[in-house]
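All chains are identified by letter, namely A, B, C and D, in their written order; residue positions are counted from 1 within each chain.
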Amino acid sequence: MLKRHGLFARAAGIALAAALLAGCAAGGQDQAPQAADTAPAQAPAATEQGGGDAPAEAVDEVLIGLLGPWTGAVAQFGVAKRNGAMLYIDQFNARGGLQIRTVDFDEEGDPANAIVGYHWLFDQGINALIGSVTSAPTMAVVPEAFADNMPMITATSTHANVTVDAATGNVWTNMFRSCFIDPFQGTKMAEFAVEVLGAQTAAILFSNEIDYSIGLTDAFTVRAGELGLEIVAVEVFANEAMDYVGQLTNIAAANPDVLFIPAYHQHIALIGPQSVAAGLDTVMLGADGWGAALEAIADPSSIEGSFYLTGFTVEDESPLVQNFINDFVAEFGHQPNMFAAQAYDAAMILINAIEMALADGFVPDTDEFKSSIIAHMAATDIQGVTGHITFDQYNNPQKTAFIIQIVDGEARFWGTF
Amino acid sequence: MLFVSQLINGLQLGSIYALVALGYSMVYGIIKLLNFAHGDIIMVGGYIALFTLTFGQHPLIAAALTVAGCTVLAIVIEKLAYTPLRFAPRLSLLITAIGVSILLQNLAQYFFSATGRSFPGHLLLPQGGIALGSVQVAYTSIITILTSLISMVILTILVRRTRLGKAMRAVSEDQDAARLMGINVNSVITFTFAVGAALAGIGALMYSVRYPLMFPTMGAMLGLKAFVAAVFGGIGSIPGAMLGGYAIGMLEVLVTAVGLSGWVDGVVFMVLICVLMVRPTGIMGRSIMEKV
Amino acid sequence: MGKRDPKAPFVPHRDAYKAPIMECVNLGIDFGGLTAVNDFCITIGPTEICGLIGPNGAGKTTIFNLLTKVYQPTRGSVYLQGIDTKDMNSVKANKAGLARTFQNIRLFKNMTVAENVLVGLHNSISYGLGEAILRFPSYWREERIARSRALELLEIFDMQDIGDQKAGSLPYGAQRRLEIVRALATAPKVLLLDEPAAGMNPAETEELMENIQKINKVFKIAILLIEHDMKLVMGICEGIGVLNYGRLIAKGTPAEIQRNPLVVEAYLGKGQSDSESGGEDSA
Amino acid sequence: MKAFTIPTPVRYGINTALLILFLIAGNAITQSGLLGRAQNAIIIQVGFFIILAVSLNLVTGYLGQLPLGHAGFMAVGAYAGALFWRAHILPETLSIVVGLLLAGVVAALFGILIGVPALRLRGDYLAIITLGFGEIIRVVLTNLDSITYGARGLLNIPRHSSFLVVYICVIISCAVIHTLMKSRHGRAILSIRENEIAAESCGVKTTYYKVMAFAVSAFFAGIAGALFAGNLGILVPANFDFMTSINILMIVVLGGLGSMFGSVVAAAVLTFLPFVLQPLADYRMIIYSLMLIIVMIFKPSGLMGSYDFSLSRILEKVIGKALSLGRDKGGKNHGKA
């Protein structure tokens, strides 16, 4: 009798869960339009193209994959990236002609999940991949994608070894990115501190739990050494830290000319106000991680006068950028941040290469098609919302860096550097 | 001077830990549950305060709504998720609490998005501060520290001096015996959850003013630290939780102050381990000898 | 009282030619300033059955805990076969020959009856970790021997057929008996029984008495028991110690104890309520 | 009527044959492309989660302690194995074996190092102290970046975690823990869970067995960590945070404390579930956590309770039934299946 009750309970639990699943899946269609639009369409697309012997002139659909964390601790970057990329894809599809279909996978920021996700996307028959978001999952996926000759572009993985094999120094030829790499930004900001601000001493506040932060710190330190910029204090914080006053008080005591904070906007949102509490009034320097800092910070006056480097500014008056911003706001209800803009560009670069590969007469779902996409991506020469983009021999973007200054609580375009 | 300002900073951080640790400690004391969802209740409280303030509510109303919201949430969680497991193995209860924690985080992400939102702390508490000699002390620091102290005093009176407090102590000693003495064990447990959550609500307010960024996973680390604080002081003990909170807060700040900022979490846990080696039930914990 | 040599066993006539198996000398323990047991002296011969009686809270179980090193004594010493147990812990005390049962039964409830006894046989099996994991012949051989030994021991209480049942599912009396078997499995020289008859009906108690005597004869070991059932104590114990407020107030044969005015005053006089087992406060 | 029993050597033979068959078949299936590549990738991950869960179950389910730092042992093993493999000092096959053993041994040493002080504490204080050690390990790995490369990531770890390698390790760890538990040592461990004081009174060296269980558990967690490293090719300390320990614990409790079979099933379910739920997009983790809560409420002792699967027991039942049917043909049925 007891046993039967247990079985019944288990069955009831499963039934309940199934009902919930069904209910939510149904609900998802009204509430998450961009995800639901593509989800039902992609299945037939995948099966139709599965044969691979479609006639060359009839190509009207190409399936690509999106990989990133839509949930979990780094979901905010993943969602921004997905929004940016999907915006471009939707706009492209709206023009008629070639339709880009997408499948996506939530890897939660976890390298192990990213590998599963990549293989799942591969199984769906993708021709190219946008992803992943943070560097570790991307680096876990790259070798697998390289073996498959899979064209791949990331909008946000800034680790130097995303496109270069750390062991051999060989370039992962299939891997591109639309973001700055860590060393570039660190070097630039050291130069900015010395050449523009005339700083002689600097302090660094970074997190040794974030590869991005370490990468920038290393480059900054090296370049500072070369330029004679003295590092008078280096303080560390944990990724999920909430209190920075201790570090900031130490830095205030060292009284540097500039404080370099290679961190993300959520850190800045806490560091800013606490720097006031710690009695720090040094000029702060940042990098592209600061992108959305002003939206997240409660008291913008606390980072007044700070500079940061970015690949994207909403102050860019060009029609391309302004249209992007307007469309993004219309679609998602808030201003795009740098991650979304870079994802928009990544999608643009990839789809541009897909179009060219099709124009060359290659058939989707073939190895040649993928090789062609890779070749065309390498030869990218395109005007994106984050500037004019070409790739160097390491598949890193050569594009203009903007310097933004916080003035009167707003991000003002200071100039290029 | 540097030292004094670091000290005040540590006290403020410690006060927040303490407020959260008190909730942990009370719930643990009564049903021996490490309530992993406690940190996430603070997250929900933070969002409630954020929205009520943004909609232009009076700070006092916002504060009251936050505390009330946390309390109701905790009661709902207790009734729906924990009560059915009252007689289940303790680990199942623990896993349920973790499930609730994941659920709250992901509901928050679904409704409020994963991106952090700034908290208008200036709408809740006055800005500025007073000068103590050469040290500038923010009003928020003073208010936070005082609030935590007052909370502890009220809680101590509640537990030591009232009938309900006596019932709580009885239930934490022996549920069956308490039931035989005519105590409504279920309602006492619910009440404990409610009090813990109300403290979490207050903690959420203090936290949000000091760390004005709301995001779905913000409660996780805070919860973990507060849990450590509760154990440090002796879990189940009210002054212990306070002491633990202050100790962890001060420790974190001091470790940073001496230039070991990269090792903060490591040093905090190392000290915790050393304390437990010397006093296996925390600083103020009662030592329990098993009856043979 | 006083006439007897306090160092001598209760029944010198039987074990006179042998050294005592266990000696307690001025044993005492304090709990936070409160003296629970003081000046406890007792000597037990190799095959004696002795009883320890006294009102609730007199410190009887505490003495068992001191003997088996669950608590370390504050004062005094315990000698097992002349060896001081000062530096021993519970495990070493067991290996030295002390086995016990518990007042509040402490079986391994989710293990089977046979497994409970096999845990008791733990130290009589010697194969190592590697031999067990790789299933060496020594594993099979020793396991086989241990299992048949466990069944033999269970036969004392006629429990050999319920070896596969969960210990926790046994009736109360059977659980008490299983605890005795488990203790016997450790091959003790002194068996300490803490209220073995508690919760048993008169028929079961009768049977238990026979079995205790059987164990005493077959295994040739000393038995020290705490018991409230006077019939059992007076029936099988050759020597009895009476404890009150942590002190031994009398020692002697059942007949001597029954005549002792101190005992009558301290214990038997108001002993009506003691015939049922109550919680004994040892801590 | 006496129940039918299969003689021991035959039983072991059957089990060994079946396991070898499983390995061969599994390897063939994963290589054949019958399953999707994603499924293959998950099957590999299920493998090291099985090892992690089964090893944690030794301490949590059998020994009855609650450690919250299992990810720490996994981390130590992962880094030890990965660093060894990266050095490429041995031919590949030998390197895999030595690397795995090294990972296990180093983790076991940490298990002893941590176990000796930690096991002086009881219950939830043990949980906290192991949590603390787990976090300390993570902080040290982050700060020792000259060796571990910290958050930059330890890259270019040879990808040794093939189906065969992972599942041979799975079988070995399950078999070792099974044979350990079905011996006097296993009984000693169980007796500590059941009643520590009584175990001591039976002459069981409780401290020794606690530390031993801790070390064995850490040993296999270390091996799982190395397999994890060999699967990803990249390691960052954040892979081994507190939530990883919690996830492993979740598998153990969901499977049923003290049930190895339950751990195996739950490892598979909990690894596949988030993947299966992918189409739910933004609802995914909400549903996942709800399912977790619902299962716990309706089945608090876990999916399998304390049931342990035994093929030979099932065979015995089936054969016994068949025999009794044959014997009773035409007569009264005494068979009590």
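Note that in this section contacts are C-beta pairs under 8 Å (C-beta built on N, C-alpha and C of every residue); 3 or more make two chains touch, one makes a residue touch a chain.
Just so it is clear, the structure is predicted and the values come from calculations on it, not from any experiment.
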Given chain B and chain C, the chains that contact each of them
D
So which chain is farthest from chain D, going by the mean of the CA atoms in each chain?
C
Could you work out how far the Cα centre of chain A sits from that of chain C, in whole Å?
72
Taking the mean of the C-alpha atoms as each chain's centre, how many Å separate chain A from chain B?
35
Cα centroid separation between chain B and chain D, in whole Å?
34
Which whole number of Å gives the spacing of the CA centres of chain C and chain D?
41
So which stretches of chain B touch two or more other chains?
106, 109, 262, 265, 292
In chain C, residues with contacts to at least two other chains:
70, 102
Among the residues of chain A, pick out those that touch two or more other chains and give their numbers.
71, 208
Residues of chain A touching chain D in their complex?
6, 9-10, 12-13, 16-17, 20-21, 24-25, 27-28, 32, 35, 39, 70-72, 104-106, 108, 110-113, 115-117, 119-120, 122-123, 135-136, 139-140, 143, 159, 161, 165-167, 207-211, 213-215, 239
Interface with chain D, chain C side, in the complex: residues 68, 70, 89-91, 94-95, 99-100, 102, 106-111, 115, 118-123, 125, 127, 129, 132-135, 139-140, 143, 146, 182-183, 185-186
So, in the complex, the side of chain B touching chain A is made of residues 2, 5-6, 9, 13, 106, 109, 113-122, 136, 138, 207, 211-213, 215, 217-218, 220-222, 252-257, 259, 261-262, 264-265
Of all residues in chain A, which touch chain B in the complex?
71, 73, 75-76, 78-80, 208, 235-238, 240-243, 245-247, 249-250, 253, 265-266, 269-270, 273, 277-279, 292, 295-299
Which residues, counting only chain D, touch chain C once they are in their complex?
8, 12, 176, 179-180, 183-188, 190-191, 194-195, 197-206, 212, 306
